[in-house]
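Shared between the two complexes below is subunit A, which has subunit B as its partner in the first and subunit C in the second.
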Partner chain A sequence: MKFERYGRGIAKGMVVTMINLLRPRVVTQYPEQKLTISQRTRGNELVWDKDKCTGCGTCSKTCPQGVIRIETSVGDENKYFVESFEVDTGYCISCGLCVEACPYDALFMGYAYELGRYRRGDLVLTRDEMASEERIRSGYNRPEVAETLPRQTLLIEREGD
Partner chain B sequence: MVIPNIAVDAVRHLGAVAPDWPGHPWWHWVVFTLINIVFILVMIIGVIYIERRAIAWFAARTGPNRTGPFGLLQAIADAIKILLKEFITPMNADKIVFWIAPAVVFAPVIMIFAVVPFMNGAMLADLNIGILFVVAISSISTVGVFMAGWSSSNKYSMIGAMRLVASVISYEIPVVLALAGVVLIAGSLSLNDIVLAQQTVPFILVQPLGFFLLFVGGCAEINRSPFDLMEADSELVAGFHTEYSGMKFAMYYLGEYGEAVVMATIISTLFLGGWQWPFLPGWLWLILKIFLVFFTMVWTRATLPRVRIDQLMAVAWKFLFPLALINLLVTALQVLAGWPEDLLWLMGIVNYVLLGVLILLWSRMYKVGWGRIEV
Partner chain C sequence: MQLRTEPYVLDMGPVHPSTHGVFRMRVTLDGEAVLNLEPVFGYLHRGVEKLAEERAYSGVIPLTDRLDYVASMTNNLAYVLAVEKLAEIKVPERAEYLRVIMSELQRISAHLVSIGSFTNDSGCYFTPFLYMYREREKIVDLFDMVCGQRLLYNYMRIGGVSQDIPDEFLPALRKVVKHLPGRINEYDRLLSENEIFLARTKGVGILPKETAINIGASGPVLRSTGIEWDIRKKDPYSIYDRFDFDIPTGEAGDCYDRYYVRLQEMRQSIRIVEQALKQIPSGPVKADVPQLIRPPVGEAYGHVEGPTGEVGFHVVSDGGIAPYRCHIRAPSLMNLTGLYDMSVGWKVQDLIVIFGSFAITMGEIDR
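What follows is the complex of A and B.
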């Protein structure tokens, strides 16, 4: 006579949940604790290198959403001068094609993700905003930038680890 | 029988005597009614906190920790939010029944605490039919639930209420039989006398099978997981309170946790020695035991998946009911033989062996869906 199904499975399950109870918590308390995001993240903004850009407009042509608007005029030394460069990130799908397409490596994905706005108009990035030095460049399609960023973390580091 | 209690002692010290109400001065009833209402509400807040925090811990999460210190005020925040919500009465609802039902569910929960002793004799009324009162009153809230299910004119509510009635009727029997074992040993139906009878040994050591039956049956009766299939959200939206919103929904929420507090109180009073245990004041022991029992309920909820309706019925009728009958028979024979007075330790050992043997035996005989007619 073989005894089975007398509640041993229930007892085992209870032990498993009790072990879980005694484990350290794994939840990130978001506003206070933040995980380091991927080095190659595609944040919802673009960073623009004003000096490298030649104003060729490849980014604008490759954008599947058509949200990149670039206007140029003839500047000094027979070069294009970028008069306005606007990206409506409200329509941006963060595909990164503009960054991949840029022949002079002048465009970068942003490293930030906390870019919620209260008004839709605020989502439109202008020339000066994208060129500002405060914006951190992501390593997406730019390996030399990726090496400078910290490695991604999946869990908050606890004291004593 | 006059039992000294805090209130009577206090009034003797104060030199005031007002024996114009049966058994106690009139303000005894007022004071203990207030104590009961405040106790149950505070315990519900505590129990909700334990539930949410512990269920999160079991999943290696954190649980509510934003409102107040350690998230202790979460229940109050929920209450404020829910009070601001709109009442919606369905167009085809039976309006009077729909409005009465929440009160019918919640009122019995407070009434049960009338017979629960917080200290020796410190209770609203020391009824000599205490347990009978508990069983009778706790069944009333089932009527409220069925009223809610019927009057909502919603098929999910109706099915949920039908399931609740089915499970309560089935599980009432093993629960009452398990209570009868305790009553046999204690020789009284009064909860105060039962607690006093556990002066030396709490009944969990003497009646393990009774404790097991009461715990499982109690979980089913108050619709705690794994027997919470009357509000199985994957099939029945929210069960009988699908159509309720705002404060009326909150009454069900309170009632649900209030019933859990009541069941934990009954279990700790009958099997864990109620307010008796040394070093700490009795009422504190009672509260700690209630929280302990409730924590075990949360533990089972975190562990076990929800049963099917046929499994629910099968557990009640094919598993718990025969065991309850055997337990009652064996306990009666032991009491006839005079074991509770002389050989309490032997009785405990015999009953623990009996628990193991019976569960093993029934695991062989018990089969879900045996003899079911396929449609």
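What follows is the complex of A and C.
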């Protein structure tokens, strides 16, 4: 193909490149600088409220991957006692269906990322780990929790012209 | 003296940067010219159709995310439309609007990825690609705000959407909708007249109209040949009949037309989002549907116009909690059947451009 217009298209494109050169940078230096994540983050780390849980097992039934294992025994006051509650997060696809299904609002997605572990066994979350106070609850399908979390950083607000 | 040449078989892929995943092309070459081409795929086969048979109806939605992973929302939508048709569920008005907004935003973001990677394939490395990704990031932020993840959204539910949008969503969306047209015009100026880009794409890899119809192509690949076919117009699903938009078409059916149709489609999508923003009502976002639904015995086909073409789900129910059979119509796979006709006779470097212009996703082809 001939250069019929003597490279005018390229010059036009270069103008766009020059405009973009002057725009503020949008990237962040990740481990040092961190952006606030969404209030509804579906982090892999499930958080469990052991007081609200009745051991009905709905979460286990709805899990598409079948990774939630829950064992109960009859406890006092006509309630089930949750003996073991395990989630193999290695197989978890973070779909959040268990949180949506929970009829007693006892299960939450975790407000966390950086989920790498050194050993595969560490990926299996146990009952006490999930009930730990240190875990921050995410607002996924729990609007009352979402209100308490900081606002997500949006690129449109950082960049908008 | 006559030089004797003989054909040479080259395996391009499965691990090759411009095959967009794990696609393998067995190319027979004469020098640099392509004599024959045999696509080999299946490297990313995960058996999604079979897995769907042992999951509850709601549990299949996360699987559909993983088909065309740059356009999860439209995959979700196609599946839930099929199940809703089967179980005769009526979706609340607000949910319909949210679905339209999400799938149009998804179309813009997927087209940005397509154009970005296409320019990468055609030799303008990474400058346009990163511009496109910057704009996509603004849309992905919105998805993240609504459904908590950046890539596999799992947002649509049978009978609506998973949860209502947060309060800060609509103001942010208005900003994005105001901001994007200017950027799209900018990228139009950046690429559409660039002589080098034109030389690489104009007249390359022409798909004739008849072939496009015969192979069952859809989406921008079909529209680039000049056929005005868009399911949003021809068989309006959801509430698409309420919006006013055009179907951009190409003329020649070459790589440039496929790129240009995508660019124009983004503008149309913004138009739809703008109209939806004006009309969106308040109200519930999910019909009263149990988590484990049992649709009546029967079958239904739900299809949407995805970014790559017609995404369709054929769901057969035997009255149980899991689909009896779930067939997926993958647009990328159908479009890719035209690859042989388009690339034979061209050079190896053109083959990369032709292949890139399909904007395929391997997750969808291998399923």
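Basically, the second predicted complex is superposed on the first by the 147 of 161 C-alpha atoms of A that agree within 3 Å, B and C clash if a C-alpha of one lies under 4 Å from a C-alpha of the other, contacts with A are read in each partner's own complex, and residues count from 1 in each chain.
The criterion applied here is as follows: a contact is a pair of C-beta atoms (placed from the backbone, for glycine too) under 8 Å apart; a residue touches a chain by one contact, two chains touch by 3 or more.
None of the values given here were measured: they were computed from a predicted structure.
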item	value
Partner chain(s) touched by A:Ser138 [first = subunit B, second = subunit C, both, neither]	second
First (subunit B), second (subunit C), both or neither touched by A:Met18	first
Touching partner for A:Ile10 - first (subunit B), second (subunit C), both, neither	both
Contacts of A:Arg119 with subunit B and subunit C, given as first, second, both or neither	neither
Residues of subunit A touched, compared between subunit B and subunit C (which is higher)	C
First, second, both or neither for A:Gln29, with subunit B first and subunit C second	first
On subunit A, positions contacted by subunit B and by subunit C	1, 3, 5, 7, 10, 13, 16-17, 20, 26
Complex contact set, residues of subunit C against subunit A	55-56, 58-63, 127, 131, 134, 137-138, 141-142, 144-149, 152, 154, 162-163, 166, 168, 172, 175-176, 179, 182, 186-187, 189-199, 202, 291-292
Residue numbers on subunit A that touch subunit C, as the complex places them	1, 3, 5, 7-10, 12-13, 15-17, 19-20, 26, 37-42, 58, 61-64, 93-97, 100-101, 109, 138, 140-141, 143, 146, 151-152, 154-157, 159-161
Of all residues in subunit A, those that touch subunit B in their complex	1, 3-7, 10, 13-14, 16-18, 20-21, 23-27, 29
Complex contact set, residues of subunit B against subunit A	54, 57-62, 65, 299-300, 302-304, 359-360, 363-364
